[in-house]
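In what follows, chain A forms one complex with chain B and a second complex with chain C.
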Partner chain A sequence: MTSMPLASIFRRPEAGSLVGLLMVVAFFVVTGGVEFLYLSSVGSWLSRAANLGIIAIPVGLLMISGELDLSVGSMITAGSMITALVSGFYGLPIIVGIMAALGFGILVGMLNGYLVVRTHVPSFIVTLGTLFAVAGLLLGLNIVLTGTTTVTLMAPELAKTLFGKYFGQGFQVLIIWWIVITAAFVFFVHYSPYGNWIFAIGGDKVSARNSGIPTERMTILLFVLSAVSAAFVGMSQAILFQAVQATPQMTLIFNTIIAVVVGGVLLTGGFGSVIGIFFGTITFAVVTQGIYYTSFDQTWSNLIIGVLLLGAVLMNNTFRKMALTYAPKKK
Partner chain B sequence: MKTLKKMMATAAVLAVSATAALAADIAVIGGKNDDAFWNKIKKGVDDARLVVEANGGKVNYLRMQSYDNFAADSAEIIRTAISQKPQGLAVPDWVYDSQDPAIKEAIAAGIKVILFNAGTWDKAKELGALNYIGSDEYVAGRAGGEYLVKQGAKNGICINTLPGTANIEARCKGMIDAMTEAGAKAEQLPLPSTSFGDPVAIAEAVKATLTSKPEIDGALAIGAGEADASAIGIAQAGKTGQVKLGCFDFNEATLGRIKSGEQAFAIDQQPYLQSLLAITLLAGHIDFGTDLPTRPVLTGPGIVDGSNVDATIAGVKIGAR
Partner chain C sequence: MTAPIIELRNINKSFGPIDVLHDINIKVHAGEVLCLLGDNGAGKSTLIKILSGVHKPSSGSILMDDAAVAFSTPREATDRGIATVHQFGGTFPLMSIGRSFFVGVEPTKGWGPFRIFDRKKANEIAVKAVRDFGITRIDDGDRLVGGLSGGERQSLAIARAVHFGARVLILDEPTAALGVKQATHVLRIVNEAKKRGLAVIFITHQVMHAMAVGDHFAVLIRGSVAADFRKGEKSREEITDLMAGGETIADLEKEIENYMASHDGHPPPVTPG
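Let's turn to the complex of A and B:
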């Protein structure tokens, strides 16, 4: 193995998603030109990736452990709405707004987790329920409290610098958060004993519990992480965009699942990696942003996005099969 | 015998309550309750309700539950309204093919109908409705295009997050036609459906477009939320002020930008007036036989720019604008 470092890199679970990413970047450099690789363009698609990626990693880990979280679609709105309500409409210090938003994330995450663990209702249904319940709650509260559906927030400079600002040529500060959070998750999942628990739960929950893994606590923790991440991104978006609408971001649900699957996580659970999801998210962002640099008629953009994402997943699949069936030649 | 007596008693009660409702009983149909636009309509409904109730009538505002099965649901909600047997109905004619039969049923049932927000006077005449109160999307789009040209824009884009939606397409078409006729260039920027409702996606799409097409100097967003995101995208491309930004409808942030000069203008169809006028005209017609000979009643396009932004801000604070 040590004599073939390149080959062993290609057999890692994230190799397929890296190849998929390189494929779509190459596609846009060819069809869109070098402008696509200018620093300001890179900032553009990385900013999109960061907003999606912070949520996609915990959602991906849930999928590895065999669960889904659809409630992120309204949790992101919850994060921005609560921050704007507390610190914009009521004018409390921004830190109170941030804490309230993240606290609400913990609450909904625990609710999701407990309902899934205790009732054994599929998480698809449970989180579908909380998706609508939270969206309805926010809207109702918002209308009762403010009388409108849009809340404005003027955040202080420090909060803007930390969560909602651009640096360099259009790099959102969230990109730094995303990289730090990804690194933390890589450690948590791949270099601490807890990571293997997630894979074990996704592979076979009963055996995992029998071998002493606290599967229930782990599942609840993952739900809390995904709800809090969505609230965190929502909070940052409120600080950046300064106006919040009470509409849930339904497309975010699809987008996280796409990023996770393009990143090589199996929809059935038990297989995937954090770095893979990281690359999958960039791939998704590159594909959706790249379209604007090409000369294609924009009317066709959905078609091109669909075909490219399918291509990236197929590429990833092929690599995974090759990696899993590989046996070194006898010397 | 006993049951017969009971039935007769019930019939008597029903007859009494039916004759009691002499004053106008009006049903209004509107969009989802998390749709900011339809809450301005609601403010008009609530204010008109005061007038109707003062004369002993009542107003019921029925709202769409979701937009996912729009054509079917928007017809179904009209039938729900008919089943409540109102005397007047104010309804947006969003989807002609599916809603027209239901509107005809209402008129056949003796209900006085006014079309508002969506439709045309020709459509109202064809169906037998009293009037059409609202704006014309194409005319509003043209107003946007003309304003951009007046501001010196030579290359415009219409930022469309709902490509394929008829009324939004009409907005963009109006803007593009007006700019082209004035000798400028304009085209649509249709965003893929993965970006709808996602401000980051819209901001980065606008930035990318401005980077790859530096000649663009005018932009029109199809909604206020889209304009918030587009303004960030324009700022990130380093083109605030150079690219004249306008939008349909507005929110508090839009007005802040107009005040500070980051955005040129907003096109308003003045939804508050639509519901307020539709309901009071219906009530007057039913109660007192009044008839307004102005048809259609256009409530827009009204342009909000630096000259009237302060009064508009006052209206926003109470949800009327």
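Let's turn to the complex of A and C:
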């Protein structure tokens, strides 16, 4: 299509995140040494990336469609909590706990989606509401039912192998889930005809609806996907760590947004890619884990993340402008 | 003469106590351009919304090919072949030409759940459709719509409407935000659509642009059709005066001249407000 394949890479939404990832890896190799790239280290930051990435992709898709989901912060706790309550405290089979956790994800996702679609209240506010409501509900229920804020869970071996186990040197099994889920989303968003709809909704909702796209159903589906993904990660964390605290993970909200924005998704919608979010997530994980391999105190990692976020946004803006002004050369 | 493709009969529209349109009667035949002229607030937008299914008229009827129709959603109007192109093209700036062309009707290849968006086919069809309208600068369907000029975006939107079988093309101020050269491009495309037998409703307040392509003109003042005439029946000045609602620009000129004659050649003082 174009004469210069390199130039065409820079016009893609994930260009900025790839450059950012390479820069961050180079930074930690220089300051922390190659140990950072040893298999044992790779396991630690890939595991971190997997936990974040499974949630970041659907959150990113919501952002591409012009919405935001903050409720993932308490949905991840809900996933852990419900699994531990049902299968730990009440001792029901683990499959029931998993289904209950994911079912609750579907429920909250539909609630978020319906509220946003029906009331036209900005999703920022709606999901801020469900974030706190679900967090409060969990904590309250937990104390009423168990009398404590911590629940333990001993999952059977099969469930551990599937969702909560390390293999090799510190590789969580969740990494495989993350890669499979990413591949599925790449297909859904960039190859199936439905992906086009997400971009159209984020670009111009009224035109999208007039073109016959079921915009409301699509928005609700995306909210369900993000809530279920958060519940899924929470569920596997409960199985891995065997104990669950009933406190919401507020920093997860920011972390997903950072991963998504570093990954080249436009905050106002209409632009981005799944591969970009994938790279953005790895970048974020590398920064938070890479600091341990350097001589810096780990408290500096937030500074790096802040600078990274601003740098990534500026870089993504530049690349997007390149994509917009691009016209093939006259032959 | 054959039946008009679209006709409005005694259309009234009011929002609560406010009457926006009174007794609108217009008809457009195939291969004809109706220019709808009017100042801001004359009711042009409301009329477009009725035609494109966004609003329902309070009374009166819409006829297509002499049969009454009613649209409850914009989608129904689109299905009947009424396409509306808005001032900025109404397309998706950060999507590629090929993808935005086929939003909602994506071509696919493959089988079952593994059907994939056929990017090559989409790009080819989109580029060909635009080029058939004489916009030869577009030759790569992977380009983003936002990178096109205003005129090219309009052309893309019109080409898209025609490709998907529009019979009535409603153009809402397509030339308002464009430079002279770009506007000429769009006017040429309007002409092309007309040649292909579409009924075009061209909304504008630029009389020059209207006169370049129009066969039939309707001037809207405060929600009524104040004048309805065919090409060549009125001069540009007459139309401009009509749009201004009787307060003619010639009158204004005379008033200033009279003032200056009686005040030693000074223009009238400007009073704020």
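The rule we apply is simple: the second predicted complex is superposed on the first by the 322 of 331 C-alpha atoms of A that agree within 3 Å, B and C clash if a C-alpha of one lies under 4 Å from a C-alpha of the other, contacts with A are read in each partner's own complex, and residues count from 1 in each chain.
Here is the rule we go by: contacts are C-beta pairs under 8 Å (C-beta built on N, C-alpha and C of every residue); 3 or more make two chains touch, one makes a residue touch a chain.
It should be emphasised that the depicted structure is a prediction, and the values quoted were computed from it without experimental measurement.
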item: Partners on chain A (chain B, chain C) - clash or fit; value: fit
item: Touching partner for A:S192 - first (chain B), second (chain C), both, neither; value: second
item: Which superposed partner A:A323 touches (first chain B, second chain C, both, neither); value: second
item: When both partners are placed on the shared chain, which of chain B and chain C touches more of chain A; value: B
item: Superposed arrangement, angle subtended at the Cα centre of chain A by chain B and chain C, nearest 10 degrees; value: 130
item: Chain B versus chain C as contact partner of A:G311, first or second or both or neither; value: neither
item: Partner chain(s) touched by A:L266 [first = chain B, second = chain C, both, neither]; value: second
item: Touched partner set for A:G212, first chain B, second chain C, both or neither; value: second
item: First (chain B), second (chain C), both or neither touched by A:G203; value: second
item: Touched partner set for A:T247, first chain B, second chain C, both or neither; value: first
item: Gap in Å between nearest CA atoms once chain C and chain B share a frame through chain A; value: 32
item: Chain B/chain C common contact set on chain A; value: none
item: List of chain B residues in touch with chain A within their complex; value: 33-36, 39, 163, 188-201, 203-205, 207-209, 211-212, 224-225, 228-229, 232, 236-237, 251-253, 256, 318-319
item: Residues of chain C touching chain A in the complex; value: 74-75, 78, 90-95, 99-100, 102-106, 108, 115-117, 137, 139-140, 142-144, 146-147
item: Residues of chain A that touch chain B when the two form their complex; value: 32, 35, 38, 40-41, 44-45, 47-48, 51, 135, 139, 143, 147-150, 152, 166, 170, 172, 237, 240-243, 245-252, 254-255, 288-289, 291-293, 298-299, 301-302, 305
item: Chain C partner contacts - residues on chain A that touch it in the complex; value: 1-2, 187, 191-193, 195-197, 199-200, 203-204, 207-213, 266, 270-271, 320, 323-328
